[in-house]
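Next up, some structures in structure tokens.
Each of the two complexes below includes subunit A, the first together with subunit B, the second together with subunit C.
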Partner chain A sequence: MCNKKTLYLVGVFLFFNAMYLIGSEVSKTPPAQEVAVSAELQEKFPLKNHHAKLSLKCADCHEGQGDEPENFQMIGDEGCLSCHKSKQYLADRLKFMDVLHVNPHNSIHDGQRLYCDECHFEHQKSENMCLNCHSNDVKIWMKDTP
Partner chain B sequence: MIKKVFLFIKSKLFIFVMAGVFIGLLFSLGMYEGLHRTSNDKFCIVCHEMAPMVASYHSNVHGGAGKSGIKVACVTCHLPHDNVLNYIYTKAKNGVVEGAIHFFGNPDAIDWHKNRQRRDEFVVDEGCISCHTNYTTNPNISEKGIKMHKHYVSLQDTDKQIGCASCHVEIGHKGLRSMLNYYKPEYEFYDGKFDSKKEAVEKQLLETLK
Partner chain C sequence: MKQETVSRRDALKLGALGLAGAMMAATNAMAAAPKETEVKFDEEYDVIVIGSGFAGLAAASKAAERGLKVLILEKMGRVGGNSVINGGAFAVPNNRDQQQFGIKDSADLFIKDALKAGLGINHVEMLEVIGKRAQETFDFAVKCGAKFQTGKKPTWFGGHSVARTIVTENMSGSAIIQPMAAFVEKLPGCKLMTRTKFDDFVMSADGESVVGVAARENYRFNKKLLSDDMENTGGTKKFFKARKGVILASGGFSMDKVYRKLQDPRIAEDQDATNHDGATAGAMLKAFQIGALPVHIDWIQQGPWASPDERGFGVAPLLTQQGLFVLGVAVDVRNGKRFMNEMADRKTRADAEYVILREDPKANPVAIGTEKTFAPQIAHAVEKGLQTGVMKKFDTLDALAANYKIPAAALKETIKVYNETAMAGKEDEFKKQTLKNLKEAPIDMKGPFYAIRLQPKPHHTMGGVKINTKAQVISGNTGKPIPGLFAAGEVTGGTHGASRLGSCAIADCLVFGMVAGENV
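Right after this comes the complex of A and B.
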């Protein structure tokens, strides 16, 4: 009799164990894929200094895009702003430039409507769009585009 | 002779102990009051070259601009809190150095804009974390924020260590870069163009620090 009871208890115990294991398997999110950054990769996709200083990894920006850098997509404004808050915030940080209407984040022509990647590129040199027209003035208004 | 002194102390032990306790308490009180009264913006600005920093601090939630009006003292973020001796030493050293620059040196030679690049060196992370204790678990922080805070933790005690201010630019000092520009423009193009802005800031500062 005692043996039967023990067997029953062990059975229940094992059943819950199995349930736990199955349950935990389901709820576990796949770990963020880490890309081993080789010297070659680093040369092909260099990081801007301020991002490199923070030791950011590929997947910090290219979230959920797998582990093949060649297949990574642009992250768009939403990606940038997931850290850099909002265009309003970025415009406010350069408020002093508003006095002379040269705030690139609150442009006199485009306001805050520009996309980040109209000027800023992470893996290649950024291009200041203002230069397209104001080729001589921009350098006295602001530094190189980060 | 020594025995005599010892006997004298022994006979008046109670008085000696009480006197010791009293002097100790008095010293502690003096120390506490001294440290406390010399830790806010009103005191620091007497010697430190920091008008734009204080002005931008007043616009930030940490400087009383939030709904609750809480003000975090300068020393909370800018002085080490690992032990009292280090705290007092750093405070005294800063006081002497800054005082000397203010009264005898050339404050105009300080390159504030360049110093902003080293912002993480001016902030003691323990100060931030002493209030923001649950920065890796707080559900009010965005998913990205939590991810980055864990990244911060993972870099601790490595040669890649970063500070709170590495990412949290202008934290504690809203609009710091603009404010610094009103005092000392980054580009020649702006020279003299911010005078009215600076005047307004100075006026506001005088009002607030009255």
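Right after this comes the complex of A and C.
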């Protein structure tokens, strides 16, 4: 008797649990996760190699921005830093460049104040802002901007 | 003449641009500045400053120090515009370091120097304010956190009759900009918004006074456009109320491809300048629209010491000014002849280079000299110039001539005559002042020979809106100050006349920025 009752209770518990899981699947998944990345879309909004390797999906960066890539907004510094920690961390990573005063993340002109997307672009070629004035020195200082 | 002043193609291009602008943008050709009765303000401040360079930050710092709520609008993502890429040299007439090192200076001597370079068309009452208040302004900048190399003999800049220039600790304007921006942002109720573009002044109901501004947040400057001011429709509209006044400190227009060419058709659209991409005329034109008086707009100072083989200011100006120009020669590559006094003022030299470049835009003149022409303190720059390819080194004049396609025999003859004239103690045909009392040939025929190609680059726009000694903008309609509108820095005109002396930009911007911040 006791066993039957226990079994019954466990059964009911599992049933509701499963219902809850299915329900949550339906209501909690943002539709953007489902953006099918067509070849056309991929060509229009290519990812940087290092991000593609991680199999990042649209909504990993464009969180809560719907499912229409054309309407996605820029994610700003906050978006980048949600993975890349902080500007201080990024400046420290290139600290060895401080010796020659050429650390782009802690430059003599701007300190740590620059927007990430002053130089780094995800869906197009990045552009090193230092080149605006130091066209001939940058190649001595650093590699292409990732 | 090859080019018309405004070619038909340009006129068409401008026309098309205007049409596209009228269709796309919120602004159109006939739009007047909005009145406060027509807008709903989103935020309210005491003072709104347009621009975050030396003038804007000095104005904001002074106003904020007085306890006012200040909003600074900066259209670029970077703070500081040209000021943050500037070399950090500040002419402080009659400063404490001069006194310590026994250098006699005075406000009058400073004004005399500025008038000479400015060809006498300077507005002297403005120079008087700079002469009188530079040291006090310097102290204010230091109070805001700016860092200078003091306790040293001041630096001697060209055109100044005494050494009176103090340089920042890191030899960049950033040693003033970064701490001053932080100074304002720390004070309660003050804010600096980047990527926020000033669009229009908002006028009082009677149209007489400036009471706020219209701007766009989340604005991205687009350097690929011919005119970002006219074509870029990005960003979200916002209205900001200024209870006490608006201070225009938007800088010069050396990178405004359309407007600078209208003033000086020698400056091609694709021509590089020493300025940052955002140095455009848009904000100044809005001040003209509400009646501000224009002064000296077509006096655009161009650096004759720059090179087409690098972007922006680069390293060439150092290598020519303190090197090749001093004892070397600049020659026309087409005939191997000299064409100017290599040590004349900026304007004379830029004009001489343009005579050649208008005949053949590809025939950039070449400056030539030998090792001994370089001042010892720029030894590091010599290496850098060679390493980056801006300067080239040749063992023989024949190799140099071949590289730049200069007729070799003519070049050798030019240098022979140049050396002989100098050795004989005679004045050369261009009256070069640095050849006196030389005991050996200015160009050492043993070589090696160093060379840099030359290209004038727009550097400082002398003209702008007219302000009085209280930094109030003067109206062309009333001849009196426009209530609620102040201006300071490169957006103002008249102070430096035809040509500004080196290291006087920081002096002008910080002094009048501070004055605007006091009077707003």
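Quick note on the criterion: the second predicted complex is superposed on the first by the 113 of 146 C-alpha atoms of A that agree within 3 Å, B and C clash if a C-alpha of one lies under 4 Å from a C-alpha of the other, contacts with A are read in each partner's own complex, and residues count from 1 in each chain.
Convention: a residue touches a chain if its C-beta (ideal position, glycine included) is under 8 Å from a C-beta of that chain, and two chains touch if they have at least 3 such contacts.
Source: prediction; values computed, not measured.
In this overlay on subunit A, subunit B fits alongside subunit C without clashing.
Of the two partner chains placed by the overlay, only subunit C lies in contact with A:Leu114; subunit B stays clear of it. Of the two partner chains, both subunit B and subunit C are touched by A:Ile140. Of the two partner chains, neither subunit B nor subunit C is touched by A:Val37. Contacts of A:Leu94 after superposition: subunit B is touched, whereas subunit C is not reached. Of the two partner chains placed by the overlay, only subunit B lies in contact with A:Ser55; subunit C stays clear of it. Legend: residue contacts after superposition of the two complexes on their common chain; A:Cys83 is shown touching subunit B, with no touch to subunit C. For the three-chain overlay built from the shared chain A, the minimum Cα spacing from subunit B to subunit C equals 10 Å.
In the superposition on the C-alpha atoms of chain A, the part of subunit A touched by subunit B in one complex and by subunit C in the other spans residues 140. Across the complex, subunit B is touched by residues 53-56, 60, 82-83, 92-96, 99-100, 140-142 of subunit A.
Remark: subunit A residues 108-111, 113-115, 117-118, 131-137, 140 touch subunit C in the complex. On the side of subunit B, the complex with subunit A involves touching residues 142, 144, 147-148, 151, 155, 160, 162, 166-167, 169-170, 175, 177-178, 181-182, 185, 187-190, 193-194, 197. On the subunit C side of its complex with subunit A, the touching residues are 77-80, 84-85, 170, 172, 174, 178, 194-195, 276-277, 309-315, 384, 387-390.
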